[in-house]
């Protein structure tokens, strides 16, 4: 059994970790912290967990963390970076669901996140936790930077195309549509029901923090990679749909077969039959990324449709997949379930 | 292992049976029928099951049913009644998720369902599958009539009050709010997205088929029981919220304690703390009925708030709970999971 | 032309006032105040008004108010009561969309709103602005207390029954369902999209501020009137659906005809044909209250279904209807439009 | 006064025509046909029009049409083409909201619509009713082909760029997001609430009927124009959001100023300030197309965000705008209103 703790468990990534971990056969949830809710039962805030989890929120405490083999940070950006060094020194492994350790280029990170990084040394040894790219390094990582939801969905759409050099690497457009839960569980006018329902809008067209993260991923495969990334807000709770366009590099190939081969052994990437259009709801509540690839000969482009549940493969589920890898458990342990449909 | 078949698996109850059963540790899904889709893969219609279930729809066939210990009917009303006799003779157990065997009074059934019943004899031996009322009979039943979603949610709200004679039995009002999935997966203008979204309406105020079913349940406890039942359509996919009003019989008692005691050992009824207001989303995807009871001394009434997921405790989940009881499995086998929140 | 000002225009009632008033043929909008947004264009916050309204938010100022014949307060509760006396003295009429002047019993008001009332004298002369009850007093009012959304919807459902003494006055249950916009445009976790979508819940079962307001209305007609009022939150933006139950007083009568007669000359109450079920969307964006009445002989009760748009007949529209009456304009001026359907 | 008739008024474009026309100061609605509903009141099907419109559906009849100056066809594709010749001969003007007369190339039309065109001669004289392109021809047209919702939204996003030769004409990608009402008011499993809510998907990636229509529009400006068009279904009722990408032709220019100048005198195109992100809800219920243009120097592309209400500027509203032009009324007559927000 792996003993885990969760720091900052009152947001959507936190409750999603609890939902999945409460059923994980090889995990003990030892603690979950929340300064402002210390002492109250988790189920008071999250009644969906009644009967599944008997735990109170506690104050953060290094002493308490020592009972854990692994700490998940489900905190806002910049919280983990001030706390992980002590944990790592105490031999506790860490998975940060926020962005503190995702960008290898600390200066770039500082530019996008608007503050000084507290521990650049840890950045250097953190492993970017996209198993489909970095499974081997994850296995032996002390600290894993869990990828963002957009970067996961877009990167998985592009890995086969870039790896096989099938596209012009600087021709990529990722037009992305996200449910509102990506914005978190913080009181905010813009994500009120009455502001977000019955409407669609783009945001951050001139620049979004997930852009450099996606670029870093793509440039691991092809240094020339560049993209336009346009996020849009959709009136739904969960789900990301990435529609990715790229110019064919040389002549068109059988991309369907290439995608199927590339992801043949991946437990959480599902390549749909040719001509398909994946729906975000087909992955609701699951750790699967479902992909369809279309070739458009008339305009000499490929279009890849890629969907995830932003709270699972885009956050808590992928974190647990990383935990499974780090602790040598079956990679899909606790993560097998069909999407909730309808 | 229990070998099960599903007749009529292309509706919402059918895909929900598949979702839950595909993870059930003690069940083999042997077949699923659909005349119009015979030969096609289930996952073509329901991509959420890709990777979880490798099965094609088949033609109905008694010969094929013989490989099953149990058949679930997830068909429209009046389908099961013409097929179950042959199955029962062949020693196959049956759970009908439709209404064919719910009303003991065949004439009453014929009035509400507008047709002649094909097998009144089977009605007589069918057991109404609400475990919280009839667990013992379910254990030895050959055929179970799985309760409707409204009757389940309303009956569980009233059992403790009626059993303990705490209310005037003819003073009951059940004001019920249902998600749209209760109307099924049939092409229909009234349940189009653009007709049902962003609106609320009552329907069937002058009479709804679930009224006699609820009355039958309540009259098992108190022959004088009578109620007004008003269903409303809500702009959401899953969930029923019953708001049940009743006059205090004599003097007010500590109903909170009475509810807690009454349901103490029930695995799928959760009585919330005094003063609570259950949300339907807290049971999304789960077999739990979550209840809060309020006493209103100024008007000398009790108000019970009761929520279920109409496709789980109100349909497929309760059917599987019944199967577990009938086949002497742990009653919660395959049914333990927190609600999907958010 | 009537010169109007709006105090506190950054909430939903405020923008709805602007939407309707910008098309009103006999109104000049002279000012709209917002301390925190003074100087910025209204259309920056509400782009739906681009091209319709060329106005900046300004600081509150009695001097500026003097250019107005009428001030609408679209502020939170307790704001208006500290400002209206100066206005009234200056001869400016006032319509308060909040609750400061709704309850005639100041002690009762203080109990429910948790603070001392700043100007009980003004309460005494304020007219409760439900035209269907108080049209004549509104005509000559200096200050109108604009009714709450629930009280409007429930009161209109009951006026004919109580006026004609057709029901037992203490047997009333009002089970009400509201869209989320009733909770306002304030950052708040409970009304985030991801908290309110795909779910239904009751709230305030043990007591809600609109209860004494409804009771006051009903007791104007029948001193014995009493009710249970249960509000529920629905996953939609606009709309209230009240389902009102009451015991028949003596013997059943032709309530359909009574409702039709009662509201024959009301421009904004629409009695539907017998057997109807009004949908909230049928009044989306309009000032209409649409009502259907059902008689249930088996339980000797009447059930009234009443729907409004909580931001129009339940707030801004009714305020403008009151303005029209106060300034001797056609009562429906600026208020005629079909519901936005779908 | 213009006397108008509507053929096929039971769909969403039909009821939207009625909603707007019922308030139009210079229009008499003389008839509305529906074979299957002849004799029943329009308000029985569309209660939102109660009190606004006293009209029954009638059988189609050329005799009756003669009382009209103009007929709107709000019918499915291929209906209008079999009826318009007789009308035109009778001197009645026609606006077809379906696709029968949109494509000038009849063979291309036949390929996409899968049937033989009934009156190619009428196609030749039909005017494509996008006022921002063809205002002068519309003025004298006998028959107007009202544009599709996607083509309207995408074409308006591109007109300034193509007219001023600012982009490479074959580099265009239009990633479009539509509400469900674009699919019409026909019983259909795919657009049921439970299928379309809480999900996003692309469709028709390999080809959609609106593609040749958009191409025809763009090639009126630049013969080299070509695009990829990817429609997506959003869980909302009304609204289209087009996100349009194109490569800069030579060097970047001040596109903001160019858009503002280009649309300076257009009553229904609103260019937002630089850096804006229009929301679909800001045009809900209105005839406005709201546009923001972004220059991305790092990738040398322009991104245009363009939103419309698919039932208004994308259907009924634009049809009425065309009527206003054809009958020499003020172009915005009956069409001025702010978006319904929230």
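Side notes on the structure shown:
Order as written gives the chain letters A, B, C and D; numbering starts at 1 within each chain.
In this text, contacts are C-beta pairs under 8 Å (C-beta built on N, C-alpha and C of every residue); 3 or more make two chains touch, one makes a residue touch a chain.
Since the structure is predicted, the reported quantities are computational estimates derived from the model, not experimental observations.
Using the mean of the Cα atoms as each chain's centre, the chain most removed from chain C is A. A count of contacting C-beta pairs for B-C and for A-B identifies B-C as the more extensively joined pair.
Centre to centre, using the average C-alpha position, chain A and chain C are separated by 45 Å.
We define each chain's centre as the mean of its Cα atoms; on that basis chain B and chain C are separated by 39 Å.
Averaging Cα coordinates per chain places chain A and chain B 36 Å apart.
For chain C, the set of residues touching two or more other chains reads 12, 181, 185, 194-195, 197-198, 235-238, 278-279, 281, 284, 342.
Chain C contributes residues 170, 173, 175, 177, 194-195, 197-203, 205-206, 226-228, 230, 232, 234-239, 241, 243, 245, 275, 277-281, 284, 294, 296, 298-299, 301, 303, 305, 307, 342 to its touches with chain B in the complex. Within the complex formed with chain D, the chain B residues making contact are 12, 180-181, 185-189, 191-198, 235-237. On the chain B side of its complex with chain A, the touching residues are 12, 15, 18-19, 22-23, 46-53, 181, 185, 197-198, 237-238, 270, 272, 276, 278-279, 281-286, 288, 290, 336-342.
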